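Next up: the structures, one after another.
What follows is chain A paired twice: with chain B in the first complex and chain C in the second.
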Partner chain A sequence: MFPELNNLLNTTPDQAEQGKLTLLCDAKTDGSFLVHHFLSFYLKANCKVCFVALIQSFSHYNIVGQKLGVSLTTARECGQLVFLEGLKSAVDVFFRPQEEPHPLQFLREANSGNLQPLYEFVQEALKPVDSGEAAWRCPVLLVDDLSVLLSLGVGAVAVLDFIHYCRATVCWEWKGNVVALVHDSGDAEDEENDILLNGLGHQSHLILRAEGLATGFCKDVHGQLRILWRRPSEPTAQRDRSLTYQYKIQDKNVSFFAKGMSPAVL
Partner chain B sequence: MLESLLALGGLVLLRDSVEWEGRSLLKALIKKSALCGEQVHILGCEVSEEEFREGFDSNINSRLVYHDLFRDPLNWSETGETLPGGPLEALRALCRRTDPGPVTIALDSLSWLLLHLPCTTLCQTLHTLSHQDSCHGDSSPGEQVHVLGLLHEELHGPGPLGVLSSLAQTEVTLSGAMGQASAHILYRRPQQRLTHQMDPTTHLTFNLRLSKKEREAKDSLTLPFQFSSEKQQALLCPGLGQATSHIFYEPDAYDDLDQEDPDDDLDV
Partner chain C sequence: MAAAASCSTSTRSTGSVVVAASRNSVTSFQRRGPRASGTDSGCSRLVSIAGTRPSVRNGQLLVSTGLPALDQLLGGGLAVGTVLLIEEDKYNIYSPLLFKYFLAEGIVTGHTLLVASAKEDPADILQELPAPLLDDNCKKECDEDICNHKTESNIKMKIAWRYQLLPKMEARPVSSSRFGHYYDVSKRIPQELIEASKWHGFFLPEKISSTLNLEPCSLNHGYIKLLQFIQNIIYEEGFDGSNPQKKQKNILRIGIQNLGSPLWGDDICWTENCDSNHSLTKFLYMLRGLLRSSLSACIITVPTHLIQNKAIIARVTNLSDTVVGLESFIGSEKETNPLYKDYHGLIHIRQIPQLNNLIYDVSDVKDLAFKLKRKLFTIEWVQDNYLRQERNIYPPGFSYLLKQKDSAWGEGSLQHSTFLMSFLAKGILVSFCVRCSENKEAAVGIQSCHTLAAAFASRLVRHSEPLEQTGSGRIRQAAGPRLWHDGPRQEAPGLLVIPP
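Right after this comes the complex of A and B.
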């Protein structure tokens, strides 16, 4: 996790808020550093994490996780992390008997079905276990990413319904958190993606939007992060609704600074 | 401002966006209706009942009936806790409710319903819902049905947005600048439909009626600039008792009198 980002969000692993949906989006840049941040953040916060990883392999996330101080292998072995490796298990769908439910069942269906099997997988993974001792703090669902589901033929409304159900179960019923990444297509007219992005925006409590600089690539400033708080828990709380910072991604850290205040420039 | 939004009755459309959310305005309108003694039915699709009731005191909460479409709208859990028939049936049940008295129906949100139901079905049901007072024959005109619909603008194309706009009596669009939210309100006055034809000449302070003699005199009057057959005859035969006209002209010292026609050389 990136300590500077924690400061901007005014949170620490010990005081992580519960029952929230966080939307990560990126436009003209790669926002996956936010996924790595939240993965390591919630593992350090002693939460049970279900990671639906559709983009990269397990070893990729593990290598990055180790730089950020968490071991995904250890977490998986002790039951803290449930990892759905999309790239590997997508192939399994076709080599199993059709009767056995599979989280990525929609790949087999000709018409864009719903994501109920995936929701049931998440439900099974994060279900609170009545073992007496409260092992983990709260359940967390992390999805990287939802835009690829649209590319695989699932409709935007089906993805919204999946997140709706995850929010109802994980956030409301079990007081956990959901974090999901959606890519913003920007200029390309992708109506389904816009519906997904805006629909999730309305459901979210916190939106982190990583944008490339309008002026193009820069060696010292990799992009701009816009933080938007929605639906504050106390209606009268005087909280900054929206903040914008620029950032630079380094090997084991991401540094944030106010616009135009990059150390390289000053 | 809230009273004026509820004044017209019918459908009040609240259009919000990701950056400027409208649920707090919806809750404020619900609170206003509840304080006026109305019962409020909420079709909740997007937030849980607890979250929705947050911020209302117990007096108001007792007047709110929350129909829960948040927990399991599509019956995935198959526990039988869902509202039977899904969202459409839940909406139609609100149309059929028979408890008397003024009522407010809040739809949170219209966007969710529009994404899950065909647009035409939703619009027909909305129309029925907002015109319920005409169905109840004995209800007084004062008992209006208020339907409050929260709509997330960015999720829909211009077609569905336009149709819902035309159904709405009042439309509030939320936006803002520099951290300050603002609302743009559009009122649509309903068509004035007369229940019976009234004679406009009754109850006037002046007389618009004619007696028989006056009517005859009016009919026999020739208007000065109307071309009748008498006038035609008079013009065609000028000698009959009409003096010929003559122009008397006294030229000045500065007048240039030339009897020749200046246009004589024109070959026209």
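Right after this comes the complex of A and C.
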């Protein structure tokens, strides 16, 4: 959790909003620091998190999480975090086929599969337990990242369907949040990715877009973050609010500053 | 296995291993219990596998790629559990070299090799590996190359003094290092080294003939076979910790050649909308899954210049960890460029993985070129060449008229703007004339800054949008970006003040 980003987004772990879809996207740079932010944010906010991590291993997130002040292993052990490690499960489902449906079942299928087993996994993980007192605040689904599903043969429409189902269940029914990362391929003309990005962009309440600087690499300013608040249910509402900041990623923190006001320049 | 593997880093610190550098995690694979002692390091309780070292940045375990210069550019080496993707050059002349360096390094350090190819028999590939240079030999070999470097670097740079601050590329081998060796490409590796090493070969035409009893999957048959082969080796030889190893732990070096080429049965190289659009990307994903949970490192060469669909190239890049692109000058217009006359091609470090870390590493030095001398493959920063030229071509004390197109560097590149800035800093008049057709005119006299400013105000300064910044942002700030743009002249911050 980066305190400065919390200030920019006007949230704290105690007052986390509910029922929102947040879209993270990155263009020409790596936006995974946003994933680490939201993961540690929601864990600190005492929410039940289901993390579908398709692109990196558990220990990667764990080590970065420790730098940000959360321990994923303890969260997993006490049930706050349900972690689907995509890489390991993919190897399992591919080389040692099991009979019962696996969340990554689509890897074994010849044509573009659907993500229903994955949705059922998420549903199972975030289902509110009918115990007396509510242990966790609200369910949160975090996906890193959706573009890799396109590389694995799932169609853009299937991914949009999956997010739609998740949103209906997690956001609307259980008043939780969904956060997903999608890469923007820029000029690589990836049509499926563009469909996915545009589709999700229209459905989200908050879009965080990390872009590389137009002038290329810079040691002191790693990129630019565009924050866009939207109201998807009221298309004719007042103009969406948008802010742009530049950032620099450090070892345990990310510092944000207004455009052109990098400490290195001033 | 899953529980053991996810045994946290907190319990790891109570394990029996004490490391000097903070080695947080190797891969998602964790071993519990004391490791077998009796390592080759000999000293202290630092248990290490031969040919590896922990990264100073994040404690990740690194192996050498076989080229110490490339190791330096990648931040110390190739992380264990990751994939190094080499984008092949146009005629596939230099990428096999990097491939062979990687494998040769594995043989010299005693790692197990797994070589997969659809074109050549792995046994033949191993025969052609370069011979390692041992410490006493390489002193003689490299001396002739570097004596020029030394004399030049001692000359203090007067004009382009900023370049003196940038790091030099190390060409002299570090003596008796167990990490990273030098190789002589003109000689073959001695036969006894190959025989002493352990290697597995996967030659596609041999393996594909056997009948397949797999359910149809969108992965191409060749790739399925290769994945199963790799997974077998990893499992049987215990690289993923599945068999408790009595013997010393080792690294598995996997080398896959020409992945994605038609020889593997993939058609992404000849059509844009192909049926098996996802074969290669799925393969890379599964490979990543296998590597992340085992002690292995992989090098893949892919002919990306042949892939028609740019989206696939972007996806392949995203699914690989380290991506290095080679661009050779053969047949391109850069061959006649005087700046590149000593080099054979450019090397682009496109991506460096960000593992166990928030910060992502991007290589600082961007303009890298390589050359293949008779015995060595060297990587150098192109600026060195420019500096040598600069002194001869533009001695101070004159004013120069430079036509924009004349400069050997890309417009808006760091070299270009810094070159001009360095001249300006010394008060030498430089002005641009779009219509001038001749290269340089020398006029006597050094103009002062004010006259310089007036000169700028009067002449047409034409400069297109800077395409790609190739260096640190700081230098760009000092150069006064707006001076170089199209359109109405605006104030030039920094060095010059244009009179109102």
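Following the convention adopted for this analysis, the second predicted complex is superposed on the first by the 252 of 266 C-alpha atoms of A that agree within 3 Å, B and C clash if a C-alpha of one lies under 4 Å from a C-alpha of the other, contacts with A are read in each partner's own complex, and residues count from 1 in each chain.
Basically, a contact is a pair of C-beta atoms (placed from the backbone, for glycine too) under 8 Å apart; a residue touches a chain by one contact, two chains touch by 3 or more.
Just so it is clear, the structure is predicted and the values come from calculations on it, not from any experiment.
Of the two partner chains placed by superposition, only chain C is touched by A:189; chain B is not. In the superposition on chain A, contact of A:219 is made with chain C only, not with chain B.
In the overlay built on the shared chain, the residue A:198 is in contact with chain B alone; chain C does not reach it.
Of the two partner chains placed by the overlay, neither chain B nor chain C lies in contact with A:121. Ranking chain B and chain C by residues of chain A touched puts C first. By the touch criterion defined above, A:247 lies against neither chain B nor chain C after alignment on the C-alpha atoms of chain A. In the superposition on chain A, contact is made by A:165 with chain B only, not with chain C. In the superposition on chain A, A:38 contacts neither chain B nor chain C.
In the superposition on chain A, A:73 makes contact with chain C only, not with chain B.
Residues 191 of chain A contact both chain B in one complex and chain C in the other.
Against chain B, in their complex, chain A makes its touches with residues 114, 116, 119-120, 157, 160-161, 164-165, 168, 172, 191, 194-195, 198-199, 201-203, 207, 228, 230-231, 235, 241-242.
Across the complex, chain C meets chain A through its residues 2, 5-6, 8-10, 24-25, 27-28, 30, 58, 215-218, 227-228, 231, 277-278, 281-282, 285-286, 288-290, 292-293, 310-311, 313-315, 318-319, 354-360, 362, 364, 366, 466, 468-470, 472-474, 476-477.
On chain B, the positions that touch chain A within their shared complex are 18-19, 21, 23-24, 46, 48, 50-51, 55, 70-74, 76, 111, 115-116, 152, 154-155, 157, 179.
By the touch rule above, chain A contacts chain C in their complex via residues 30, 32-33, 36, 56-60, 62-64, 66-67, 71, 73, 76, 85-88, 90-91, 94-95, 107-112, 147-148, 150-153, 183, 185, 187-193, 213, 215-222, 249-252, 254, 264-265.
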